[in-house]
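Right after this note come the structures.
Each of the two complexes below includes chain A, the first together with chain B, the second together with chain C.
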Partner chain A sequence: MPEAARSFKVVKPGLATTVQDLGRPGYYHLGLPISGAMDRLALIAANRLVGNEDGAAALEAVFLGPELTFAADALVAVTGADLPPKVDGVEQPGWTAFTVAAGQTLSFGFLKGGARAYVAIAGGIDVPEVLGSRSTYALGALGGFEGRALKAGDVVPLGTANGTGREGASIPPAARRPVANEIRVLPGLYWHRITESAQDGFFEDTWKVAPEADRIGYRFRGGRKLDFVPREQPFGAGSDPSNIVDSCYPYGSIQVPGGTEPIVLHRDAVSGGGYFMIGAVISADMDLIGQLQPHQAVRFAAVTMEDALKARHDETARLKATVPA
Partner chain B sequence: MTVKTIQAPLPGTFYRASGPDEPVFKSEGDAVAIGDTIGLIEVMKSFTPVIAEEAGTLVAFHVENEDAVMAGQALYDLDA
Partner chain C sequence: MKTRYSFGGDEHVFVEIDEEMSLEAFFKSLSMTNAVREAKIAGVTEICPANASFQIKFDPDVIAPNDMMAELKGFEAAAESAEKTISTRIIDIPVLYDDPWTRETLMRFRERHQDPSATDLEYAARVNDFPDVDAFIAAHAAAPWFVSMVGFVAGLPFTYQLVEREKQIEVPKYLRPRTDTPRLTVGHGGCFGCIYSVRGAGGYQMFGVTPMPIYDPKGEIGYLKKLMLFRPGDIIKFRAIDRAEYDDTVAAIDAGRFVPRIAEASFSLDDFTADPAGTNAKLLETLDA
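Let's look at the complex of A and B:
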């Protein structure tokens, strides 16, 4: 079969369906975010189910699934959010490899839980690498399929499958992380800028995901406004007490403009600016943020660096144990 | 005559009109044709129209204007 025939055509694009792999690290200091899957574990799981390398490019569909017609037979797996896949209207199990035959259409039912589904296809999505990654950074019109979310009519090329994936391969429900109601945070960075009662309040209050939360940042609302320790603003900092002299923004850092609505910077984040940060979400929980729906309630829990490193270690070990490569 | 409950296709904030001073897309009792816009759902700074996939009469809304909706939540009843 000619390579050009290994593709799918986008009938309906979904809301903001993008090509993502494990990201584009190494350029954040130049202002280019790491991009890549918001839920990396789900991407890796989907890739392993169809026999791909962990970092193969797949689709990330948020809230609303796309509709895709395949030009050639393909082994497909959908992980992450509970967004039921259908082949020619027949529902398929999630977290399980299934076949879509040439001419058949992959579509999705309504979202039942989580926020982002990963659609891995054996052979991966064969868009050109940009700076070492196929991930889409839509704000910068870089990578992925023409630097943007998919549109109706797009014909998306697929790589050649290595043949190791098998239909029916599945990851048991116990191995999947449930949707979180608690996100672990390492306080730090500009933590000293808020009062002790504000520090306590941040972790006591319940926060709800704002509808504008996206790949750049996850905004939360509903907790008490943070009070700042009074100071004369230093030269170069803005006049609001939440302003600092411009600084680097780490991936996962939590900025609170005006002290009102925390924003967790995610994979397409800006790399620096003038808002103070109260700390950072631990790396093991960044995947969980990517699965939060708007209006969902969460609390933040303070942990130590030791806890954070252990959580990262445990997550990696769990991935190895439950999702065989 | 059967009444069907139509669900929200995605989570977000539900709007019954295209703007605060605009007329509502549909009122209870209105006829609905396939392709009609019933409302809008705002999420991630974009507005996605809720398009009717079935024709009939709109019997009742389950949500108010500007209500937060989850995907799969009941939006309106249609007498098809």
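Let's look at the complex of A and C:
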């Protein structure tokens, strides 16, 4: 089969379907975030199901799936959100490898749970690497398919499958994490800037995901406003008590502009700015944020560094156990 | 200066050199991040200097968080006594001040501004006690500026003017951020200037635009093969231009024949503190040589 034939055509793009892999580390000091799958475990699982390397490029579809017509036979797996895949209208199981034959169309039913589905195709998506990654950083028009989300009419090239994927391979439900109602946080950074009662209130209150939730960051609302410890604002910081002299923003850091609506920065984070932060979501729970839908209620739970490292260790073990059967 | 260490989750150490902005804090941050880079510590994945702080991203499976923090603390004393001289470059940035594009944009967002009856330039001139906009622009384009941080979005420089604190331009950010800012807008918020590398949201006051792209995701523009122009520690000289030079520069860039004016330079903080005007004059001679 000629290489050019290994592709799919976008009939409907979905809401914001992008090419993602495991990201582009090493350029954060120049304002380029790591990007890559928001739910990394789901991306890796999808790749393993079709016989790809863990970090092969796949599609990340949010809330609404795309409609894709394949030019050649392909082994496909869909993981992450519960977004039922269909081949020419016939529903296929999630977290399971299935075949889409040449000329057939992959589409999706309505979202039943989670937020982001990962569509891996044997051979991976063969867009050019930019700075070592195929991930899309849409804000900077960099990487992925022409630096943007897919559009109707795009023809997306695929790499050559290595033949190790097997139709029907599946990852058992036990390996998957349910959608979270609790996100673990290590307090720190500018934690001292808010009063003790505000510190307690942040972890006591129930927060809801705001409509402004994307790859850059997730905004939450519904909890009490945070009160600040009074101080004379330092030179260069700006006049609002939530302002600091512009600094770097860690991935997962929680900034609260004006003390009202917390924002958790994610894979396409803005790399710095002038808002104080009360801590950061632990690395083990970053994937979970990517599966939260707007209006969903969550609480934040304070943990220690020891807890964070234990959780990280547990997630590494879960990832190791995420193997097709 | 009181330096403070904190963890940002289990993958970052965040070091606030000082709560307030100063060239001393910036130099200490730059010196410590350079030391981290040279030490090639296993597990370090990102080294990000900022205005008066910095951040290290690390892999806690390779180096334990407490060990990572201890390593950083070990660099502090040396950074404080280090010679505050850097080899850098000075870059000429032409600016069309009071241009039609930022003017059109600021008019659209007037209800989000402190003074809806004035332009951003008029407002900034007034709150900084300049007699008029021309005098304000002259000050903005006179003394050079340090790139004290690159970030927010790809390749965006935060800049800090090389003048005594009492001469620093200070303006608040918009009351509520705009949802639109023209690409290559020269802006200012707090004591920091910036150049917006891409079109998008923003809260800084808008003073003008440069015709010179500073970020090229395709790497097609000759001087942007590495995609981004600025690195922390660069020095910028803004230069007021008229519409004819703006249009000529855009045409030269489009035709692939524009070469930015960039000169190698060295900067000593001690020299600058002793004689700001004289040190700046020498820097500008380097650029004009």
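What we mean here is this: the second predicted complex is superposed on the first by the 322 of 325 C-alpha atoms of A that agree within 3 Å, B and C clash if a C-alpha of one lies under 4 Å from a C-alpha of the other, contacts with A are read in each partner's own complex, and residues count from 1 in each chain.
As a convention for this text, a residue touches a chain if its C-beta (ideal position, glycine included) is under 8 Å from a C-beta of that chain, and two chains touch if they have at least 3 such contacts.
Not measured: the values here are computed from a predicted model.
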Practice prompt. In the superposition on chain A, see if there is space for chain B and chain C together, and answer fit or clash.
Written response: fit
Discussion item. Touch test for A:Glu212: chain B only (first), chain C only (second), both, or neither?
Written reply: first
Worksheet item: Looking at the overlay, what does A:Phe110 touch: chain B (first), chain C (second), both, or neither?
Response: first
Item to complete: Based on the superposed arrangement, let me know which partner A:Pro250 touches: chain B (first), chain C (second), both, or neither?
Response: second
Practice prompt. Could you tell me the angle at the CA centre of chain A between the CA centres of chain B and chain C, given to the nearest 10 degrees?
Written response: 110
Discussion item. Touch test for A:Ser239: chain B only (first), chain C only (second), both, or neither?
Written reply: second
Discussion item. Quick check for you: in the superposed arrangement, does A:Val87 touch first (chain B), second (chain C), both or neither?
Written reply: neither
Worksheet item: Per the overlay, which chain contacts more chain A residues, chain B or chain C?
Response: C
Worksheet item: On the overlay, how many Å separate the closest CA atoms of chain B and chain C?
Response: 11
Worksheet, complete the sentence: Overlap of the chain B and chain C interfaces on chain A comprises residues none
Worksheet item: Can you name the residues of chain C that touch chain A in the complex?
Response: 6-12, 14, 16, 18-22, 45-55, 57, 60-61, 65-66, 149-156, 158, 165, 172-173, 189-192, 197-198, 200, 215, 217, 227-228, 230-232
Discussion item. Can you tell me which positions in chain A touch chain C when the two form their complex?
Written reply: 25-26, 28-32, 130-131, 137, 139-142, 147, 186, 188-189, 191, 234-239, 243-248, 250-253, 270-274, 277, 279-283, 305, 308-309, 312, 316
Item to complete: Would you pull the chain B residues touching chain A in the complex into a rising list?
Response: 7-13, 42-46, 48, 68, 70-72
Discussion item. For a test of understanding, state which residues of chain A touch chain B in their complex under the given definition.
Written reply: 15-16, 62-64, 110-112, 115, 211-214, 293-295
